[in-house]
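One structure below.
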Amino acid sequence: MSIEIRVQADELDALAEIAAVSAGDTRVGGVVSFVGLMRDLNQGDDIASMTLEHYPGMTEKALRKIVDEALERWELLGVRLVHRVGEVRPPDPIVVVAVAAAHRGEAFRACEFIIDFLKTRAPFWKRELKADGSQRWVDARSSDDAAAAGWGD
Amino acid sequence: MSIEIRVQADELDALAEIAAVSAGDTRVGGVVSFVGLMRDLNQGDDIASMTLEHYPGMTEKALRKIVDEALERWELLGVRLVHRVGEVRPPDPIVVVAVAAAHRGEAFRACEFIIDFLKTRAPFWKRELKADGSQRWVDARSSDDAAAAGWGD
Amino acid sequence: MIRILYFASLRERLGSDGETVSDAPGSVAALRAALAARGGDWQQAFAGDQRVLVAVNQEMADDASLLKDGDEVGFFPPVTGG
Amino acid sequence: MIRILYFASLRERLGSDGETVSDAPGSVAALRAALAARGGDWQQAFAGDQRVLVAVNQEMADDASLLKDGDEVGFFPPVTGG
């Protein structure tokens, strides 16, 4: 069982994380992964870059808790969850969630569960630098609350 | 919109396919992928290798139809679906489904839909070579029929 | 003329990967009946309790599907890819 | 003594990334009320209609959560990671 959770300012190599979640484990039948990428357009505005702030200490605990909950709910063989902080530019990866399991259904459920809860429970905040030079904090989306609520408690 | 569907006897580079589905498209906010890997154990037996047979001509049509259906159901920016044929060994990738979209929910739905339907509608068959030297055709799983039926028609 | 193809375990059981038949039976059901009438493994495959799927011109079909001259019919066991 | 931290847009609005208060109010609700009583941006942030989330000792908490000496309390806007 390979579990890896990281928050990093360095560039995120999403493909390496996806490869690592099943490396050396021939029991794995399926790997489902989600890679969140920075877009150059948000709410109709051109975005030049984004700064990701977080709450050091709490972030790691929150991510661990989300992953532990996934491990309790589903039969998994590996999870890698890596989130970028600091300044990112399109199309940098912001987050990767990779889940390995013997069977695909569990890997799909767990991967989506982890990203849905990360979006509402992990203390990250995005500030966008627009192409016109102005800055703004990104607003939370009610669709993210709805996605997390859909999993029940 | 990048669509790529392939059946190949060559080794499958799953990571390259995942990278390619969003390459150069900064509208993509999320990439969801499924990689099906060959396991060294099936139904309690050690498996040395597997031969994947298909129905040339029909396979490509069937895969295209599944992808077209996904494109109708969800707002997607890219799909790559590559399936291996011929002889594979653990832990070779057998199939990769990579879906790019502006938002993650649609990418998750479409990715799982494509693999669920591939498992019941695309003409591939697996013959296993067990570690003891005997061979057997893999039986279809009723759980795969159930997964595909869950999407309705 | 109809081109028939057999795949995977069905091909092995029948000892044939395909054949051409000169008469075009009216439907898939009629073709299955004609093949089953050969007896032995054919009878078991096409009239037994095994599940043999069918495609006409490389599209999934069923017993009610009609056949015409020049069609390609594929018979095969439930698929196991992915 | 309670350590308070402010994050993201809340930190910018309040012009502070944190502070230490010597009295331990009984609960998160009481601490919010004390901060709101400072008026101006504080009043708006902690008693207005904005959604300000709270964590106690780095775990998500709510207004009913009790506080004790040595606790770390983080206030922040709804999260936007991923």
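Annotations
Here the chain labels run A, B, C and D in written order, and each chain numbers its own residues starting at 1.
Methods note: a residue touches a chain if its C-beta (ideal position, glycine included) is under 8 Å from a C-beta of that chain, and two chains touch if they have at least 3 such contacts.
No experiment lies behind these values; they were computed from the predicted model shown.
The remaining chains, considered with chain A omitted and nothing else moved, group by touching as follows: B, C | D.
Separation between the centroids of chain C and chain D, computed from CA atoms only, is 72 Å. Chain B and chain C have centres, each the mean of its CA atoms, that are 26 Å apart. Inter-chain spacing, taken between the CA centroids of chain A and chain C, is 48 Å.
Among the residues of chain B, those touching two or more other chains are numbered 36, 115. None of the residues of chain C touches two or more other chains.
Applying the touch criterion to all chain pairs gives A-B, A-D, B-C.
Contact residues on chain A toward chain B in their complex (touch as defined above): 14-15, 18-19, 22, 25-37, 39-41, 90-91, 102, 104-105, 107-108, 111-112, 115, 143, 147. Against chain D, the residues of chain A that register as touching in their complex are 36, 52-55, 57-58, 61-62, 83, 94-95, 115, 118-127, 137-141. Listed in rising order, the residues of chain D touching chain A in the complex are 5, 7-9, 12, 55, 58-60, 74, 76-82.
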